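Below is one structure. I have some questions about it.
A, B, C and D are the chain letters, set down in written order, and residue numbers restart from 1 in every chain.
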Amino acid sequence: MREIEVITTGGTIEKTYDEVSQELRNAISIVDRMLRRLKLPDSHVHVRALFSKDSRDLTDDDRTKILRAVRSAAEMTSSIVLLHGTDTLADTGDLLSKEIGASGPRVVLTGAMRPFEMKRSDALQNLTEALLASTLLVPGVYCVMHGKCLAFPGVRKDPALGTFVLDPPA
Amino acid sequence: MREIEVITTGGTIEKTYDEVSQELRNAISIVDRMLRRLKLPDSHVHVRALFSKDSRDLTDDDRTKILRAVRSAAEMTSSIVLLHGTDTLADTGDLLSKEIGASGPRVVLTGAMRPFEMKRSDALQNLTEALLASTLLVPGVYCVMHGKCLAFPGVRKDPALGTFVLDPPA
Amino acid sequence: MREIEVITTGGTIEKTYDEVSQELRNAISIVDRMLRRLKLPDSHVHVRALFSKDSRDLTDDDRTKILRAVRSAAEMTSSIVLLHGTDTLADTGDLLSKEIGASGPRVVLTGAMRPFEMKRSDALQNLTEALLASTLLVPGVYCVMHGKCLAFPGVRKDPALGTFVLDPPA
Amino acid sequence: MREIEVITTGGTIEKTYDEVSQELRNAISIVDRMLRRLKLPDSHVHVRALFSKDSRDLTDDDRTKILRAVRSAAEMTSSIVLLHGTDTLADTGDLLSKEIGASGPRVVLTGAMRPFEMKRSDALQNLTEALLASTLLVPGVYCVMHGKCLAFPGVRKDPALGTFVLDPPA
């Protein structure tokens, strides 16, 4: 049985539609609803909903909470998936990469360009890839989505392409 | 740019509904329709529709065609995904594992328990996992679906569980 | 509050996929699952699952049961929807039209060309139309689907067009 | 062949997600995409995309354009469907009801509480109901959605219930 810890912080992937305000927003975690759409008979996925925030609103304090949650999860498993808004995902990845030693767990950051609640969303694809990658990769911190596994540091969002890419070498 | 060769042979994953006969059957390849649902900006996926068959109807001749197609694909890329019916997927995996050397490509067999054309199908999850695994695993022949990568030989379908498992050691 | 009685008999609309036999078949009623997809805040829909059969297998006895169920429903409401396989839907419609007086309820027969469980099914469209028509039409027996309300007698399935049409006048 | 004129003005039903601004907004008409999901073999649906606006932003000038478009459509068919944001749908319905005589066409206003682009949207249900009602009702101006046909004047949105209701009699 594979043990995987999913830590969720919100982000576009988990935005839901509020019929009263008529807006998309981060209100609750819906990762359980996503997981019910996947068939994972030999995986035990444990979800920890840390908070529900647009990643543009994350504070230093929030990132400290994430780091602490990752360290706590690493005591139980070496497969950790972190759901995160894409706007500042790279900042959190850089921090985790600096703080978590290379002998530590596999920490996979993922998110989505379109909310799971929308048709033709990339959310389920990215979660599927992140879960699998968290059991396959060598220890380290990664951004996994859109068919790619990119290792931190050196990853950034390319808003024009709508995906993550490797920084060009200096 | 990742180069991935997808060879499709039919199976449950590609069964479509015929409104006249009112049955599900293998008529045409629909893997292109599945691929359009995925966001793969840095992958170049080339599809080769070999044939469209229920895998219970595969002949020795069909398996020879599959072996030849895999060898031909291996000249172009080391990432090969084979869509295959689940009933005899293990037979084809065993054959490929015997014939393809360990220094060869990554050959990933996948399929589905429910056709892609049905709601709540595992088809897209399995294709997503197979594509990613074909770029990550060490050379060899694998069955990838339901969050697991199992190496041939020694893989079999467990009809009661509705998934693939490793043979118990002799 | 609109009171609507839905009587279901099976048919393509309710066929589900059996992963073991790898076939579509009528096993259980799934009309409750369909109804959960609709927003009907001022309607009270009561479901009566009569039996689950491919309509090619209906016997005279089955049609007697349907007639009795329609009469029983008519004691409670004038809005009755009957889910029925399309192959012999016209036979049942003709029978009901002969037996149920014009001063009786609105009986709306509907079904689908593709099972609800398949993507791009016409099931939900047809159920939506049948429910609305059952509250709007003058008393009588109708086939409602694909944007049309056709009155019995004189309705038949056109297999080539994949829909129902009016018999040409004699 | 049923001739139906669909006039669209935007509203929640047609909101799409902008991956750059990360918001839902009215940018283009997507009613053609909705119509492709419906099976309407004997209907000829003609779409006129008037403008794409959140109905809270409609001006008197916009309502004059709507009235003119309805009158123009009425010269071609008596079945007219108007897609409209729900926030001010009742205002437009009251205006049309006053200006269009009872001997005129059937004008059916509809919209949605969740955008069509979201999962579990009521958009397709409401469009299905509006199209059918536009061929069944007696001449007049109506709000059709959620299984109900309500005649103007005297219709208002109930934000708490998330649907339209009849005004209580004075």
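By our rule, a contact is a pair of C-beta atoms (placed from the backbone, for glycine too) under 8 Å apart; a residue touches a chain by one contact, two chains touch by 3 or more.
Worth saying up front: this structure is predicted, and the values here are computed from it rather than measured.
Interface chain B/chain C: over half of the residue numbers present appear on both copies, so the contact uses mostly the same residues. Centroid analysis (C-alpha atoms only) places C farthest from chain A. If you average the Cα atoms of chain B and of chain D, the two centres end up 46 Å apart.
Distance from the chain B centre to the chain C centre is 39 Å, each centre being the mean of its Cα atoms. Computed centre separation for the pair chain C/chain D is 28 angstrom, with centres defined by C-alpha atoms. Chain C has residues 113, 162 in contact with two or more other chains. Touching chain pairs in this entry, ordered by label, are A-B, A-D, B-C, C-D. In the complex of the two chains, the chain C residues touching chain B come out as 12, 17, 19-20, 22-24, 113-115, 117-119, 159, 162. Considering their complex, residues 2, 37-43, 113, 120, 122, 124-125, 128-129, 131-133, 135-137, 146-149, 161-163 of chain B touch chain A.
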